[in-house]
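Okay, got some structures for you below.
You will see two complexes here that share subunit A, one where it goes with subunit B and one where it goes with subunit C.
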Partner chain A sequence: MATIEFNQIQKSYGGVQAIRDFNLTVDDGDFCVFVGPSGCGKSTALKMLAGLEPTSGGEIAIGGRDVTDLGPGKRDIAMVFQNYALYPHMSVRSNIGFGLKMHGLPKAEIDRKVAEVADILELSDYLDRKPRALSGGQRQRVALGRAIVREPSAFLMDEPLSNLDAKLRVQTRAEIVKLQKRLGVTTIYVTHDQVEALTMATKIVVMRKGVIQQIGSPETLFDTPANLFVAGFIGSPGMNFFRGPVEKEGDVAFTRFAGARIKLAVPAGQLPFDNAIFGIRPEHIRIGGEGAEIGLTLVESLGTEKILHFQTPEGQEFNDADTAADHDDERDASSMLARVIDDVRYADGQAIRVHLPEDKIHVFNPDTHTALRAASGQVNT
Partner chain B sequence: MIDFSSPRHRSKFGYLLLAPAVLLMALIIIYPILLSVDISMKDVRIARIGKAEPWTLKNYAWLFGSEEFWNAIWVTAKMVLMVGGTALVIGLATAILVNQRFKGRSLARLFVALPWAVPEVVATVIWAWMLDSSFGVINWALLKSGIISEGIQFASNATASFYSVCFVMIWKGYPLVSIMLLAGLQSIPQEQYQAAEVDGAGVWQRFFYITIPNLMPVIGVTMVITTLWVFRDFAIIHVLTQGGPIGATTTLSILTFEQSFSFFRMGQGAAVGVVTMIICAVISRALVSRFANSVH
Partner chain C sequence: MRNHSLLGKIGIYAAVAATCGLLLFPIYWMFITALKPANRLRDFPPEFWPENPQWNVFADVLNSQPFGLWMWNTVLVAIATMILSLTVGTLAAYALSRFRLRGGQGLGLFILTSKMLPATLLIIPLFVVFRSLGLTGSLWSVIIAQSTLIVPFATWMLKGYFDTIPPELEQAALVDGASPLGAIVRIVLPVAAPGMAATALYAFVISWSDFLYARTFLTTSESKWTLNMGIATLKGEFVTDWNVIMAASLMAAVPIVGVYLFLERYLVGGLSAGSEK
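Now for the complex of A and B:
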């Protein structure tokens, strides 16, 4: 059990800077997930924590002990690799017990601990098999077993579920969370899947191009993303974005969506722009009422839940690499989605009115793409 | 007329296409083997095809009763162990060396592989010259540096000639071992080493628990190839020592040659050859299945 601290960690490969100014504190018992698109440096950060890659600058501490210059074996951590990295020539029993053997434990004790772990992970029947005679899910559990048998102060996992099929992935996800809660061991988990991050983490670190974008709980990231990238990356389907003018009346600011005037929660004083970028999550768009009129281009029905596609109003399209998140985003830049759960039947081509609730609209600086927010404590009517 | 495109007959068409190749192979490979088995069971002095001789086990009786044969077995076994073992150690060491990342690595790899590229006879002639008792550079260097006080008689001393044959064989044979093991080393996933490192394994533990077991199949195949190579190698021994002195370097293949072409006892030579073939087949079968089983 231990805290983990990254202090100003840098990493360059030759001239390429893979990680920049990485600062992070993970509390004891936290389930911390590093998430971000491919190549953003998640694995690199994890490998530096494991001691498999040297740092180019900064310090790493585990349990208050500076481990920056220690080898992986001396850091008291266990790691689960994406392809499991099981030893193919050893039985499951030897695979799980290998770390204990390397640490010089007596054979009887190794056997006892391996049996215990195999029991937890339901591997008792496979202990004498070689890894090649196991299914993907069983191999994954052996890899987990190899980590937990050591009772380390931290677990590091690099996309441990990415080789499993969708159903098994969801199931194993829950099992890992349960196991972690039960053992209470600080865990760092790497994934590029934001759904995994949201469902598993107590703390999420969103990364992009080697730079931390935001650190926070799943709720914080979902409700108050720090910038356009985080806003677009977290959530499924992703947030809708549009450009809009900023109109001010005294202290209050408004924008327009398809002609309809919308009041903003952010005070006029914080919006020294003529226009800005706005975002709203598909599940927050309300249908009906006084809202702007739009025409539906596509209706996807999943029973009671429906995904309504419509064109972003003319001239309000926002298209930027920042929001081109690589997750399951099935729409192009010029269309928006609304997710509704009601009993109304919608048809393609139908004209409906949509309302954007002011407290659900995210406002972003058009130049820096950081989120603008009504300072807490300030009253917004 | 059979329709070869129908699923039922498709495989027949395949066999039909294969038939000429199979027949040719049979002719080229099987026929000489059968012929040598045939000769080994006849009292033939100079092979003459067509002249029917009665079949007899005389040659094999001679074989198992003769001191020369058992000496050749003993020499061959010693040589296989000596050359195979040393070539494996040197090959593994050089493979691990040139698998590291360092400046000039590709040059080092070329250097390691060089003896393999030199034609066997050329290499052996050069070594024969260097190992010459009176004019050789080796004796000269050893004498000059004061390691020995009297020139080693590589040609007439039994131990010296055995080891000089072994030395040249190792020199010629280790590059292949090294190249094969290097390929084997490169196919070991890096994650296995990383996992072992996280598990707390040191350099030697990683070598014994990760590298060696992963290399086992390659080591097996390499050992088979080296063993068979020592069994059948002829040029090195023939050029260096002609099997002498007094049989100290007479392996089974030298004995085959001696019987057949020095003493013109084709039948006895063929018998040695057939026994050699059987031994080789048994050894390679045993080694291949043993090592292959260790991982896959």
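Now for the complex of A and C:
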């Protein structure tokens, strides 16, 4: 059990910078998730922490001890790989016990610990099998067992669930969280799936192109994303974005959505622009009332929960590489979603009124794409 | 094989039988030639099974020639060559497969091209080198010369095999506390066992069948003759006892079959092991 610190970590491959100015402190017992799109450097950061990849600059400390120049075996960490990396020529028993054997534990003690871990992970019946005779879920548990049997000061996991089917993934997700709580071991978990990040983490690190975008709890990231990228990446379905004018009356600023005037929580003094980018989550859009009238293009019904699609008002479309690539729903760039839970029946083509509550609107600087906020001003990135 | 018709099956067996016949015929011919009395060898039409098989020819070979000594020398050379080329080849292949070496790809190709030089081209420079090292007449000359021929190919065979082993396997071992060499010895080599076995067999067979190097470096030291060298001397200037030569050659081939049978389980058994997802 230990804290983990990255201090100004850099990594370049040849001339390409894969990680830039990576600073992070993970507290003892934290479940910290690195999340970001493919190629953003999550695995690289994890491998540097494991000692499998040399750093190009900066220091890494585990439990207050500088490990930057130590080999992987001397860092007192255990790792779970995406492909599990089980030793194919060894039985499950030897796979789990390998680390203990390398650390010179007596055989009786290894056997005892392996049996204990096998019991926790329900692997006792498979101890004498070879990995190739196991199902995907069982292999995944062997990989977990190999990590926990060592009782290391930190677990590192690189997309350990991505080879499981959807149902097993959800199940195992919960099991890993429970196991981590029980053992209290500081964990760094890499995924590109923001749902995994939100459900598992106590601390999320959102990365993009080798740069940390924001660090915070799931709630912080969801409620107060630091920039457009985080806003678009976290949440499902993802946040709606639109362009709008900035109109000022004294200290108060307004924008317009489909003609309707909306007061902004951000004071006019913080908005030295003629227009800005605005965001609202699909679950925050209100239907009915005095809002702007809009025609539905598609209704997806999941029983009481419905996803309503409608066109972004003409001229207000916001299209940007920052957000577009990472929505996991199939909205096209010029439509917006509202998520409603009610008993009303909606039909394609129906006209409805939508209302955007002012306290739920996120405002972004149109040039830098950073979020602008009323209370604390501009959020640091 | 499930859905083949009867006719299809017959066709397959016929093809297999034809292939086997083609491959085994020379061995059959060696065998009956060995069993014929020397004066019946050139009979025409030939006998397909000798009327009066001379089984004692095998014992004669063992008694009248230092056959055991030749065999022993050949075994020593083959095993030493196998170990030497496998060790060098494994280390080189691992480096080529895992490390991003500056010009690594060029180096790999260079190693392969050196394999394309014919042995006859290398033999004179090698002879000069061995003579100045005082190695001519020693089994080491043949061992080293054969290894120069085998190592490039062994390196490529093994590199191909190592490339299929995911590096995460060694990384997991490193994290588990193994040393880099320990990770290779405990994880990579056992997983690569089929590739190692195939390469070992290749090295053994090439070494066993060498004649050129033995003939060049060992001619003057009779006590160091290998089988191929020794058998070649049975061919006389005026008379050649072909039946004796055939019997000796047959016996010389037996250890190869033994080595193959021993390595076979690694060749087949491990092929499906690979890495685990």
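Please note the rule applied: the second predicted complex is superposed on the first by the 373 of 381 C-alpha atoms of A that agree within 3 Å, B and C clash if a C-alpha of one lies under 4 Å from a C-alpha of the other, contacts with A are read in each partner's own complex, and residues count from 1 in each chain.
Note that in this section a residue touches a chain if its C-beta (ideal position, glycine included) is under 8 Å from a C-beta of that chain, and two chains touch if they have at least 3 such contacts.
Owing to the predicted nature of the structure, the values given are computational and were not obtained by experimental measurement.
J.: Which term applies to subunit B and subunit C once both are placed on subunit A by superposition, clash or fit?
T.: Here subunit B and subunit C cannot both sit on subunit A without a clash.
J.: Does the superposition put A:Met102 against subunit B (first), subunit C (second), both, or neither?
T.: both
J.: With the two complexes superposed on chain A, say which partner A:Gly73 touches: subunit B (first), subunit C (second), both, or neither.
T.: A:Gly73 contacts both subunit B and subunit C.
J.: Give one of first, second, both or neither to describe whether A:Arg139 is in contact with subunit B, with subunit C, with both, or with none.
T.: A:Arg139 sits against subunit C, while subunit B stays out of touch.
J.: Between subunit B and subunit C, whom does A:Gly210 touch in the aligned arrangement: first, second, both, or neither?
T.: So A:Gly210 meets neither subunit B nor subunit C here.
J.: Looking at A:Asn163, would you say it contacts subunit B, subunit C, both, or neither? Reply first, second, both or neither.
T.: Second partner only.
J.: Quick one: classify A:Pro131 as touching subunit B (first), subunit C (second), both or neither.
T.: After superposition on chain A, A:Pro131 lies in contact with subunit C alone.
J.: Can you pull the subunit A residues that subunit B and subunit C both touch?
T.: In subunit A, residues 50-52, 71-73, 77-79, 81, 83, 85-89, 98-99, 102-103, 132, 146, 150 are touched by subunit B and also by subunit C.
J.: Sort out for me which residues of subunit B touch subunit A in the complex.
T.: Residue list for subunit B touching subunit A: 189, 191-192, 194-202, 205, 209-210, 213-214, 216, 294-296.
J.: Spell out the residues on subunit A that touch subunit B in their complex, using ranges where they run on.
T.: 50-52, 71-74, 77-79, 81, 83, 85-90, 98-99, 102-103, 132, 146, 150
J.: If we count contacts the way the header does, which residues on subunit A are in touch with subunit C in the complex?
T.: My answer: residues 47, 50-52, 71-73, 77-79, 81-89, 98-99, 102-103, 131-132, 136, 139, 146, 150, 163.
J.: Across the complex, what residues on subunit C touch subunit A?
T.: 166, 168-169, 171-179, 182, 187, 190-191, 193, 270, 272-277
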